[in-house]
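Structure, as structure tokens:
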Amino acid sequence: METFIHQVVAGIATGGVYASMALALVMIYQSTHHINFAQGELAMFATYMSWTLINAGVSYWLAFTCTILLAFALGVLIQRIIIRPVENAPVLNIVVVFIGLLVILNSIAGWVFTYTIKSFPSPFPKEPPFGLHFISSHELGSIGVTFVLLLLLFSFFKFTPLGLAMRAAAQNPDSSRLVGIRVGWMLALGWGLAAAIGSVAGMMIAPVVFLDPNMMSGILLYAFAAALVGGIDSPGGAVLGGFIVGILENILGAYVIGTELKLSVALVLIIVVLTIKPAGLFGKVIVSRV
Amino acid sequence: MSRTLLQVTDMHAGYGATEVLHGLTMTIEEGSITTLLGANGAGKTTTLRALSKMIKVRGQIQFDGKAIEGKSTEDIVRLGVAHVPDGRGTFGSLSTEENLQLGSYTRKDKQEAALDQEKMYTYFPRLKERRQQQAGTLSGGEQQMLAIARALMLRPRLLLLDEPSFGLAPLIVREIFDIMRTINQVDKVTILLVEQNAAMALDLAKYAYLLETGKLVLSGLAEDLKKDEAVRRSYLGH
Amino acid sequence: MSSNLSSHEKAIPWIWLILGLLGACALPFFISNYHVFQLSMVLTYAIALVGLNILIGYSGQISLGHGAFLAIGAYTTAILMDKADMPYWMTIPIAAAVCLVVGFLFGLPALRLEGHYLALATFALAVALPQLLKFKHLEFLTGGVQGIVIMKPEAPWETLFGLKLNADRWLYFFTLAVTVVMFVIGWNLIRGRVGRALIAIRDQPIAAASMGIDTPLYKSLAFGVSAMFTGVAGALSAILVAFVAPDSFTVFLSITLMVGMVIGGVTSLPGALYGALFIQFIPNIADQISKAAPWAIYGTMLILFMYTMPTGIAGLFRLIGQKLRPTHP
């Protein structure tokens, strides 16, 4: 029974990481209707930046904060310089650009930081919290960080004028321009935020899966699945989807299939969900009038 | 002593390779209500879109003496031009109040903006009742009121209105036209009104322009156009 | 007068085609065996890209998982040659049939999904297949992680028209023949009723359905046919490489195919060839430009191609052709 609870709790911890990445995907999707395939590599790159800072002697939480800011800046720059020229190109072309970006980031990370697996420190103590057996301090801390992140984002979008402007720009760019919102910069901001969220996700998962240039590809896939399960246009759904996928992955891996086929079975299950509910659990089915 | 607020000279505009407006010249007097009339497809909506730079434009446009034909929509808005587009352009998934807040997004005087929001609720009590409701679920008339209120939250000097009467019941249209009269006389907002409902528009406005297939064919005082034979036959039905 | 022009326009592709084929036949005798092998691989990619094009370009669906069909075709050939001692040329139609059926069956439920959801489903297929191939309980068939080694076929004759024919050259001609057959099949499909139905479904699905086009059937067929093409490509590549292993068919392969299709030019048969050349040779060129981070160069080239050639290489040639052709009143 205890191991079961531990699997669920571990699932919630990794689920938080999937939820954050899924949220980043949905944010960019809502404002641009594109899936950012390079989201994982951005997060990985940011995590490496953090590792560099920590190795240079910077204290963890200072490095954490600097990384978030650096990731934000990187996201904004990428949107303004690389993505903006192809904003209105056909979907397939944009997908190729994203793939190009993915490959570039992966390759540069491998070149600068090498492909040897590195360990990444956790800011949380090694001993389990309060003597509990079914949860590690890192898992608890990771869940905590995720919740703080999601809460901050929710407050930003719901209660600040800039958050309102970003929501408006994502929904209706034309009307947004008519109230003076600089839609182009809202898109860049969205990318910056998504990159920042990804950096937090990367820093939370790196202690568990270890740091290497390919660490985020499986995670991105789960995040993609989580966003779709929740409904690609629903931020709340993406978050919930992330937790569901996290728990599902752990339970399946531990009790049903074993780690080899974990990924495949989880994905197949998600596809089954989508066959029953094609727009995801909370997605809106758009009825188009002929 | 009338000042010109908006001066348009030889404006050409269109969509892609198709030119819809062929050299438009218009003068909008500060503090007045001017109406732009014409049949479907004449280019009325295109004119307003051109003024807000939502489409490409050739020619000169001067707002308050400053050239704006090279400016972007967001910058034109910041100069004090509010455009209520055809289709209303409300943010459907946001609440009524959030829509109003967006109207004052560019204003630095937040206290004043909050007061203006209350003023909008006195102009449009129906919106106050529905302030937390999702804007997309409001009725057509309420959405039109919301669109106008949102534009007014800018404290604009020039209000561009695109077919506010479209698809609305006559009683609601009357309400909206009364409000337009009020904001023009009390708040001194200059209005450029595009309308298909020529009768009501000519009653409200001081000046009128008639557009036919992208060219101005008639202009002058509204009361003169009301008496014009051709206008009466084609647009007033008598 | 206009009919003269159209027959003149139609004549040009034939000349290029015949010249191209003659050139292709002559080529292997002038280059090294390794380059012959590379060209053969290019041809297999071209077949795969025609398949992908039928699905994405003409039928408007998406697949991020066509690498899976390359794997199924390759493994079908490998298993038949290794376990059933079947001659290599016999395995090709069987691989085609297997992939046609699997693709069609995959297409049936996948229909309900659109856009991103279909992308995920196909992506899942691409991820799942290598894991399945490594699965312990299937090792007796698939050879597990180590895969299957096949005997590379020998050329049936020592010389052809007095020119020396070795295994690589023979396999090149074999591949070329299959490629021509597949392109002809593809051409006929696209030009005929099937192609028109697919385009109708892609552009106006509701109108197409109300005109009596059985949309679900055609969409599944599109999947099946495109899988068949890719399966043939996979089978050929297994014979050429003489080896199949799960790690040869990662998700990255599926992505590479899609990238090749877009860069070559969507909805274009010649585009399949340009895309195949890109897939085969650009990584080598990138490697020569920078040994340290070749994929960064590759990625940069992808982005630059999209900035400068949004309609692909085929689109670029089309534009050049239009500029060169004299304008007529």
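Here the chain labels run A, B and C in written order, and each chain numbers its own residues starting at 1.
Convention: contacts are C-beta pairs under 8 Å (C-beta built on N, C-alpha and C of every residue); 3 or more make two chains touch, one makes a residue touch a chain.
What you are looking at is a predicted structure, and each value in this text was computed from that prediction instead of being measured.
> Determine the chain that sits nearest the middle of the structure, using the mean of its CA atoms as its centre.
A
> Centre to centre, using CA atoms, which chain is the farthest one from chain B?
C
> Which chains, taken as a pair, are joined by the highest number of C-beta contacts?
Contact tally peaks for the chain pair A-C.
> Nearest whole angstrom, what separates the Cα centre of chain B from the Cα centre of chain C?
56
> So what's the Cα centroid distance for chain A and chain B, whole Å?
43
> Suppose each chain is reduced to the average of its Cα coordinates; what separation in Å results between chain A and chain C?
33
> At which residue positions does chain C touch at least two other chains?
In chain C, no residue touches two or more other chains.
> Which bits of chain A are touching chain B when the two form their complex?
On the chain A side, the touching residues are 161, 164-165, 167-168, 171-172, 174-183.
> For the complex, give me every residue of chain A touching chain C.
35, 82, 85-86, 89-90, 92-97, 99-104, 106-108, 110-111, 217, 221, 224-225, 228, 232, 260-261, 263-264, 267-268, 270-271, 274-275, 278, 290
> Which bits of chain C are touching chain A when the two form their complex?
56, 109, 112-114, 116-117, 119-121, 123-124, 127-128, 131-132, 134-136, 206, 251, 255, 258-259, 262-263, 266, 292-296, 298-303, 305-307, 310
> Show me the residue ranges of chain B that touch chain A in the complex, using the header's touch definition.
52, 54, 72-74, 77-78, 82-83, 85, 89-94, 98, 101-103, 105-106, 150, 154
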